[in-house]
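Structure record follows, encoded as structure tokens.
Each chain carries a letter (A, B, C and D) given by its place in the written order, and its residues are counted from 1.
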Amino acid sequence: MLYFENDYSEGAHEEVLKRLTETNMEQLPGYGTDRYTASAKEKICAACGCPDAEVYLLTGGTQTNQIVISSMLDSHEGVIAAETGHVGTHEAGAIEWTGHKVLTLPQTDGKISASDLEEYLSTFYGDENHEHMVFPGMVYISHPTEYGTLYTKGELAELSAVCSEYRIPLYLDGARLGYALAAADTDVTLQDVAEYCDVFYIGGTKVGALCGEAVVFPKENTPFHFVTKVKQRGALLAKGRLTGVQFDALFTDDLYLKIGKNAIDTANELKRALREKGYEFFIDSPTNQIFVVLEDAQMDRLKEYVVFSYWEKKDDTHTVVRFATSWATKMEDVKKLAALL
Amino acid sequence: MLYFENDYSEGAHEEVLKRLTETNMEQLPGYGTDRYTASAKEKICAACGCPDAEVYLLTGGTQTNQIVISSMLDSHEGVIAAETGHVGTHEAGAIEWTGHKVLTLPQTDGKISASDLEEYLSTFYGDENHEHMVFPGMVYISHPTEYGTLYTKGELAELSAVCSEYRIPLYLDGARLGYALAAADTDVTLQDVAEYCDVFYIGGTKVGALCGEAVVFPKENTPFHFVTKVKQRGALLAKGRLTGVQFDALFTDDLYLKIGKNAIDTANELKRALREKGYEFFIDSPTNQIFVVLEDAQMDRLKEYVVFSYWEKKDDTHTVVRFATSWATKMEDVKKLAALL
Amino acid sequence: MLYFENDYSEGAHEEVLKRLTETNMEQLPGYGTDRYTASAKEKICAACGCPDAEVYLLTGGTQTNQIVISSMLDSHEGVIAAETGHVGTHEAGAIEWTGHKVLTLPQTDGKISASDLEEYLSTFYGDENHEHMVFPGMVYISHPTEYGTLYTKGELAELSAVCSEYRIPLYLDGARLGYALAAADTDVTLQDVAEYCDVFYIGGTKVGALCGEAVVFPKENTPFHFVTKVKQRGALLAKGRLTGVQFDALFTDDLYLKIGKNAIDTANELKRALREKGYEFFIDSPTNQIFVVLEDAQMDRLKEYVVFSYWEKKDDTHTVVRFATSWATKMEDVKKLAALL
Amino acid sequence: MLYFENDYSEGAHEEVLKRLTETNMEQLPGYGTDRYTASAKEKICAACGCPDAEVYLLTGGTQTNQIVISSMLDSHEGVIAAETGHVGTHEAGAIEWTGHKVLTLPQTDGKISASDLEEYLSTFYGDENHEHMVFPGMVYISHPTEYGTLYTKGELAELSAVCSEYRIPLYLDGARLGYALAAADTDVTLQDVAEYCDVFYIGGTKVGALCGEAVVFPKENTPFHFVTKVKQRGALLAKGRLTGVQFDALFTDDLYLKIGKNAIDTANELKRALREKGYEFFIDSPTNQIFVVLEDAQMDRLKEYVVFSYWEKKDDTHTVVRFATSWATKMEDVKKLAALL
């Protein structure tokens, strides 16, 4: 069976696992005060070009979104997201659980635009009843988006400018950031992310780690007593080394960026094969998720050999499916898949 | 330097790490639907003597307490705990964060008594203003307690009887349950825990795992849509294999119980040495935490060679400190420590 | 100046005020245990044709929505509402504050349809990822809606049937219910509301009271310990007599229905005048809110003599405005307004 | 039957009711933007000696405590209160409902001391694990306390000084503030309260109003967008006039202080009679609540003629009961009660 179902099917990248194994019996202090966590934070700051950035390691994506958003918003505020944004659709109401509304903007290919954002904000403040409404207190984007698409540097700059104008933070969900940074045609670097965003996270779970996301506050803007807030929200690991060692490995010798590239290379090869065979793409995604239209009979046949994701019904006889590659995908598996198409 | 600071200083037990390594590149479905998680659950049910128990794997202790309590209480209810209970003191308000009060009972050596519980409940319902007060909706105990002490089977049965009478669940926090079960003089087995409690968790983080706690609902009493509630509270791991593989290893060939025994053996040896040298014990703890009174000058000298925990000031010249052993403690380190005493 | 801005510009209906005055110095027990509250509840049950209904008196509409929804939903559930529903737009996130998402359905004239609801629910349960999404746990409608429109008895029956099929309660926000019941062409009675809904409230604040909304659970389905939940949410009045006396007056000799009729009569007269003068209606609303298109210059002129509400911009030179009548509107004021049009 | 059960048995003071009646048919804007609310605020500022104070009118005491505390605390903070404090005992968990813990201090006659507070705070910050604990973010006191006792000006100054040192606000619950200010031997004026507290409320419900509490932020320290937060917590009245008119009346010609005096005068007369007849006082309360020990047989006999409150069991044959007077208590009723003693 070939697996193209998602980008979290395997365990950890071998370098990551190796470091966990090597350090396993070292006796280290708890709660993220160990030397590997410290080293990981330092390397992440360096990679972001922000020596003074503040970095915290958490376990998963929904947890990270929940903690970042709920600790940065005032109680009367909500977070603006694309109507397809992960926080508003597939996190089981994790944001609302903390008392905050997800306010939605229209999206194109999973992205929101600075002009729609500006219009939302100016309309809100122009409404004389806005005191009776949820205040927009933050903007959430993901990069890559739910559809694997990417913001350009210019788009990030524009969103950032609107946020600055209205004095609300711009938050970037980087669950798959490694794949965004490794994409061929992107002009957005990790340093750009750190420059234009007020907070973001570098995803580990989908990019080489067993678990772990690194939250970065690049502008000395960590919420007060953030560690206590993390504890209060149930997310402080006793063995902080678990995420510390992993991110230390991921940010040694640019491993994080290198393994992102494998996902892109294998995705590109798969796209090439699909294109060659005349398949219709549902969306032109430049990262590790490929959305393609299959004829239903063929889809059913393919299921016998390949695991992939159902995305949505296209018409009575066609379905949109998703193939995902990752840091772990083998080129030979792509070739086997191509042969089956 | 010798480490007796706590029971989460090392990584995972070697068998656990080995299984993580062996299964690392297997492609498995996410969110706890993999075969290792299924196997772990089955083995835990067997160990509990409850083939129909429902088991869920979470990441850490505070998270587990928060999720179990908040998903089992109705909104107008609080949880009763010893005034020294972990949920009321050292979890940064994680229970209140979910909207529920921690109601406190007096404690002796970290334990609550059935008679105090009965009195609390009868007084509550006897108060004609109780509609204006927080309803007691659950009882929380830990085993071992914060002081390393243990309930007897008779005490558990009595607490359970009072809970049944008032129709509220009894919840046992087993962060260090492995050390309770391995203690020399306990008459409480894992099957007893499953019989007398309505919900409990088997701690992994402090007993051989990198992270992970196994919540057990022994009586087909899992809250509705518990997985969604776990997700909503930010605690559902994409790579559920991380906890699944670990608990599968811990419950293979009774590993969990065996490694608990090492903590007890090393603790007993240390207690023997302390007793022999005439040290005063702060409390008679039968598990892996030893609370002892040190003369301050000696404490300072010892700090140069040993890491241990400050517990509390005893008087102007004496301090209570804690030495903790674990699954990973080496007998030779105990002997080195004994030599320093 | 003429006031057509809203339906809460005056204090209480004279009969209501009279009863408050007459009973003012009586010494009564607190928290809604007084005889006037008991009498009010009994009269409301009778009016609903539900002798066994359970009735609770609260202070305001947002408070009522917040308490009803948060005490009926399980934590992983959200409430479905029209995208224009009050709970999702103009209550400052009061529902999310309690941890629950407002899930939206498309609307027509402020109403949702049984077929859209059925499709939403079947799509939700058909989505294999629905465990990662907010469960639809309740349906919220308002009657009249935000646009003053009304459901027919058939539409209520259909919505109720879908809710029953999916075992979720149907909740009707009756902030202006008195005006719905008094409308000319409605076939929905208070008894119908009690039959088709699982919970609803009869609005007092906008229909003759100083403050107060009566929540009705017609099917012995009051959430456990509802009074404690009301207290916990900050909404239990010490002087429960305040709402008790008012609702007792409103439900004596059908006062509630009679004063609703005045709002309809004055609204109809105003509509007649507007129609006669050729004004364009934005929506055909059968209750006490009239939405009409004004030429901007005329609107500005009118503002010098009349207070009304801005609704939305229609085009560069036209605006939609709202005139509201109420139990207190004088026919002579309508005539004065008509003369100004 | 004579009523001495509590201080909210009657409706509104006649002046308050008169103003509600006189203004009843005036057409006023909603949500507290009317001229009576503005006038009330101005008069309250003047009475507090704080022309720049910010005043908000809410409906009840628990609601007010919930809103003030939850909008002033950061999410990782709790509120310190006496172990007998209303917020921790008789508000059904209203504070925890908003996510915050009530941290308790020992009390004497319902009061906390500056030295206990200082010790709590210094111990907290001295504990090296305090990051894992709930941060003390505010101090709550009531004046009068639950036992009707009063802080002295010196005690308030000391508490205020400790709060300033630790940069946390001091909040005074003035549900019965009118009775505190009217007490014979107090040296605390309303201006003192405004000077030493960072926020407090002036209770109306128990001192002459049908409902209503006036929150005062004397130091330009209102939480951002407080009105929206009030709305979000379900507490913004559409007819803000209801509380506005009442507080405008209560602060016209010092009515609030005058009617407080009646409660004190009648309480003093009752105390005199009790003392004369040799009754044992449970506590020496200088305001409108009298706690006295009754022999059980006598208590039962008295119940046939008088309504009073059970407080607690003293011993097998004696009970502590409470008699409460109020603005509405008639001296002749006190005399009738005295004759029965």
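The rule we apply is simple: a contact is a pair of C-beta atoms (placed from the backbone, for glycine too) under 8 Å apart; a residue touches a chain by one contact, two chains touch by 3 or more.
The chain lineup, named per UniProt: A, B, C, D = Aminotransferase class I/II-fold pyridoxal phosphate-dependent enzyme.
Note that the coordinates shown come from a computational prediction; the quantities given were computed from them, not determined experimentally.
> Between copies subunit A and subunit B, what's the superposition rotation on C-alpha atoms, in steps of 5 degrees?
A turn of 180 degrees brings the C-alpha atoms of subunit A onto subunit B.
> Farthest chain from subunit A, comparing Cα centres?
Measuring from the centre of subunit A, the most distant chain centre belongs to D.
> With chain centres defined as C-alpha means, what is the inter-centre distance between subunit C and subunit D in Å?
Here subunit C and subunit D have centroids separated by 34 Å.
> For subunit B versus subunit D, what separation do you get between their C-alpha means, in angstrom?
42
> What whole-number Å value describes the gap between the mean CA coordinates of subunit A and subunit D?
Those two chain centres are 50 Å apart.
> By residue number and range, which residues of subunit A touch two or more other chains?
75-76, 91-93, 97, 99, 131-134, 228-229, 231-232
> Can you check the complex and tell me which residues of subunit D touch subunit A?
The touching residues are 70-71, 74-76, 99, 131-135, 224-225, 227-229, 231-232.
> In the complex of these two chains, what residues of subunit D are touching subunit C?
Residues 3, 5-6, 8-12, 14, 17, 20-21, 23-30, 59-63, 66-67, 91-94, 97, 205-206, 210-211, 228-229, 231-239, 241-242, 307, 328 of subunit D touch subunit C in their complex.
> Note which residues of subunit C are touching subunit A in the complex, please.
Touch list, subunit C to subunit A: 75-76, 78, 89-93, 96-102, 128-129, 131-134, 310.
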